[in-house]
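Below, chain A partners chain B and then partners chain C, in two separate complexes.
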Partner chain A sequence: MKWIVNNRMNAIYIIIAAFLFLLPFVYESRNMLILLTQIFVFAILAMSYDLLLGFTGIVSFGHAMFFGIGAYSIGIFMKRLEPTMLHFIYAVLATILITAIVSFIVGLLTLRLKSHFYAMLTMALAGLFLVLAEKWRTLTFGNDGFTFRVPELFIDRTNFYIICLVSMIAVFMILKRFTNSPLGRVLQAIRENEQRTESLGYQVLHYKIAASVVSGVLAGIAGIFYAMSLRYVNTSVFAMDITLDALLMTIIGGVGTLVGAIIGAGLIEFAHDGLTELAKEHWIFERWIIFFGIIYILVVIFFPLGIVGTLRKFTWIRKKQHPAKKKENLAG
Partner chain B sequence: MTTLIETDQLSITFGGHTAVDSVSIKVSEKHFKSIIGPNGAGKTTFFNLLSGQLAPTKGKIYFRGKDITKLSPTKRTREGIGRSFQITNVFPNLTVLENVRLAVQSRAGVRYQMLFHYKKYREFEVKALEWLRLVLLDDKVDSLASNLAHGEKRKLEMAMLLALETEVLLLDEPTAGMSLEDVPAILEVIKRIKDQGNRTIILIEHKMDMILDLSDSVMVLFNGRLLADGTPEEIMKNETVQSAYLGGISL
Partner chain C sequence: MELLFNLTLNGLATGMLIFLLAAGLTLIFGLMDVLNFAHGGLFAWGAYSGIWIYTTTGSFLIGIFGAILTGFLLGIITEKWIIKPVYGNHVQQILITLGLMLVLSEMLKVIWGPNQLTANPPEYLKGSWEIGDIIIIKYRVFIIFVGLLVFAGVQFLLKNTKIGLVVRAGVMNKEMVQALGINIKKVFMFVFMIGSGMAALGGVLFGPYSGVIHAGMGMEFAILAFIVVVIGGMGNFTGSVMAAILVGLSGSFMAYYVPELSLAVNMLLMAIVLIVKPQGLFGGKG
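Moving on to the complex of A and B:
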């Protein structure tokens, strides 16, 4: 009981997780299952983006490249070889290896480039991967993409749902620990004041590379699950839209909070889904990017801290007021 | 006495303007040196060269006889040259405690640990609290640095520098912009560090009484050039200094 009082947030997380675990067994809606699975996958992507944007203060416009690398790795392995568990593991390892190498190089670039040049360069790099996927037809089948089969275990929608949920929770916990480690605290210092972090004796570049690699690998993992959920992959996984989605999810949920990225992913994916329905009524709803643009502007103006950030601020103020009141009483 | 820091013809030019002009000094171990000079004389720029924030156009810097001219600010901090900044330079959206804790963590060399929770290193927080107590800021540990008053930020700046426990302390106008009642506390801290006798301190200040009281030697910068370098008494008597700088200041 005492633990619950002291760890109210953790208790809430556990209840929600338990609810999500049980959901497919009590509420049998295929669409809902698919939508939630999609949310879990994008939550992983958004959390990985939050590590860069919210914790380290790095703005990347090329996050889709890691997502795409993951998606294509799994697709190619499953298509070229047999859809077995062993090959799934190969695909995961290949994704980790490639995304780690690419994100390491991208991380190195933060050394010399000022933030806006860095943002542009990551965008260009992601574009390069997009072109590669279009042109390397023997491997990628060009723009059309290709379908593939997945290992037995992932075919069942409920299984896949549970696996994605577990992965999301695992990524959440890994990133929570990572950002709260001594190394992770330095990331936040870099976000706040890079030059000061340096003069405290921290080698800023090392930290940026660490954040870049962890973020890149996790985005790759999200890409794997994304492609597996569709059992299909095409060049859209490298598109700017993916990066923009990750950016929006993180900002709407609240940068630097991780749980905000999950909430943001939920909201955006629900909105996507709703707008797709509405598009049947009126064409304007097909231009969902317009709506997201508007939402984005409203959030930045009215809730610059995002949902979680804003909530935290209020609870923080409430907590702060208590000791002050006590003091007043004593004085009185 | 062994020379700890030495600069040789140290110069830096911005555009056509030479902000530091062939300054050669030697600072021996455990020495307390002050730098004075009018606004824009190049004092802060000289610090930026010593701490590695700026690279000189000409000249060399030696630390313990080793050429450190090419070393990054990070490396120089680790070698033992710590500095505070004239323009407050802290982590605005982190708590006061966290600001100092990060310095303690760096000092302890726990830089790449990513498996444990940072709270596992309780001793860092304890140590950070001690430094905050020393600068009389322990009543604000949980405030965000951005919410501090100006004088409090200066104290925080000081605590962060002290927490690095570097052999050399470069203090850039630590009391600048502080309210009068805050100045004695910082002065007290500087005195105490000096009295501990294991640090080499270089202080930039405008308050002459403070300088005369603390310094083993004083150097005068004027238009980027080293005008004079000597004991406080010598500097006070020096006529060039009198006319160039001190003339305008009543003691």
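Moving on to the complex of A and C:
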């Protein structure tokens, strides 16, 4: 209990989590439930992206690749075999294995070079996976995609909502722990100054690869949930749009904060939903991504810390003025 | 024989289009250390504006000039408003140019609608020559010709003019050039403008070549251009033309014999270059 009292931020997180847990039992709206589930799934993706972008300073343009691998593995396992929990676990294991191998290889190839190379190679590889999914028709049914059934536990929307929420919170806590671990500290040091970290005797490449593998695996898990929420998978899971979504969510929410990724996911998904409604009023809203593109550019130039980062900066300044209060709410 | 010839010609034409895109990319990277992820967007803008002008005025030549002008203008705006605030910060550069790419391709859809546009070569470039049993499509020869012309022009500019000298010196060592009292920021803008113009030219030439243009094509070509830049060596202009031809030829032959693998082969080539010789096949700075 002391831990909660000592840490105002943690208390806020717990209250919000409790609210989200209770929401489906109080407020019954199928659309709301689906939208929130979608937000949780994309929050996992955005947080995994944040580990790379915000904590290690690596830009990946092929995050959709891991997301798509997850989505297709669950789809293929559920379609080819019976939709049981056992096969679900197999699919999760397959996703973890494939995403880990792919991210390891990509990392090994490019992370010793300048950041551009990683961005380029991941972008090109994601394109390759997209082509693969289109061409390997016997396995993926090409562009049309396919529907599949999910294990019984996941059929009920409320159950699935709770499962996604729990997963999101779990991923958040794991990443929080991970980034505060000695390994995570080294990653942040790499982000701040790579040469200096290297000269302190750290094998920068190993740490970067570790970050990219963890991030890839988590993105794959987000892909699994995404496909299960739709019970349908097609080649769009490999599209650049998914990477762009993750990027926008992380940047607008605030890089290197984790919670910013969740807020960004919520904001973008809500806005997407709202703007799709508005599209009936005026056609310009159909091109909603243009607004986000402009906001995104402005954020990168003027608020590189994003919403959460900027807010934190202000509280940081305030705290500096009250040194006595400083100890109270350092964490968060 | 006829098939081989046609595949080669096709590959060369595609290679030249990729070259027009990759040349600007590699020069900008070499000089300014900026990898412009929005370059594909400039390519698509060149295609749309050029084809639009071409269909309204009926003159392909005016269309080409219009496209180049659009490229110049967009290049200046991009450099001034988007790239300049984030010089020196790699992560921000990558992020912001991708954001620009997003805006550029969405803007295309806003202005010209989300559907693809059709484009035909003008009368004098339509059809083909027949020599024996070999059929040569005129438009492809035209593209190769224009590509070579641009290559020669830029090569001349780099090797024989004052500004070319500054650019080459800047690629080698920026700080030294500045220390000698040259305003390298102005050179940056010039190079960015030329690079964007070349990308836009590539775009408008691509229109009648494929017959249709769509907003997503910028991204597709940008990926090929990145592969070329890596293979040719980042910042290496002559390397980029060799690599572009290599990628164009391998793409055209693969697309005929093993179509499933056409992108994979280029990717594999890039992966091998990245492992063995990250500074590119043709030397240059890495």
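Methods note: the second predicted complex is superposed on the first by the 314 of 332 C-alpha atoms of A that agree within 3 Å, B and C clash if a C-alpha of one lies under 4 Å from a C-alpha of the other, contacts with A are read in each partner's own complex, and residues count from 1 in each chain.
Here is the rule we go by: contacts are C-beta pairs under 8 Å (C-beta built on N, C-alpha and C of every residue); 3 or more make two chains touch, one makes a residue touch a chain.
As the structure is a prediction and not an experimental result, all values here were calculated from the model.
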Practice problem: Identify the partner contact of A:Ile263: answer first if only chain B is touched, second if only chain C is, both if each is, neither if none is. | Solution: neither
Practice problem: Considering only touches as defined above, state whether A:Ala219 meets chain B (first), chain C (second), both or neither. | Solution: neither
Exercise. Report for A:Leu109: first if it touches chain B alone, second if chain C alone, otherwise both or neither.
Key: second
Quiz item: Regarding the shared-chain residue A:Met123, is it in contact with chain B (first), chain C (second), both, or neither?
Solution: second
Self-check item: Touching partner for A:Phe61 - first (chain B), second (chain C), both, neither
Solution: second
Quiz item: Of the two partner chains, chain B (first) and chain C (second), which one does A:Ala133 touch, if any: first, second, both, or neither?
Solution: neither
Quiz item: Touching A:Gln188, do we find chain B (first), chain C (second), both, or neither?
Solution: first
Quiz item: Given the touch rule stated above, what does A:Ile69 touch, chain B (first), chain C (second), both, or neither?
Solution: neither
Practice problem: Mind telling me which of the two, chain B or chain C, contacts the most residues of chain A? | Solution: C
Practice problem: Mind sorting out which residues of chain A both chain B and chain C touch, each in its own complex? | Solution: none
Self-check item: Residues of chain A touching chain C in the complex
Solution: 53, 57, 59, 61, 109-110, 113-117, 119-121, 123-125, 127-128, 131, 135, 240, 244, 247, 251, 284, 287, 289-290, 292-294, 296-297, 300-301, 304
Practice problem: Sort out for me which residues of chain B touch chain A in the complex. | Solution: 51, 53, 72-74, 77-78, 82-83, 89-94, 98, 101-103, 105-107, 110-119, 121, 160, 164
Self-check item: Parts of chain C lying in touch with chain A, wherever the complex brings them together
Solution: 29, 35, 37, 82, 85-86, 90-92, 94-96, 98-100, 102-103, 106-107, 109-110, 219, 223, 226-227, 230, 234, 260, 263-264, 267, 270-271, 274-275, 278, 286
Self-check item: Residue ranges of chain A in contact with chain B within the complex
Solution: 177-178, 180-186, 188-189, 192-193, 195-204, 206, 210
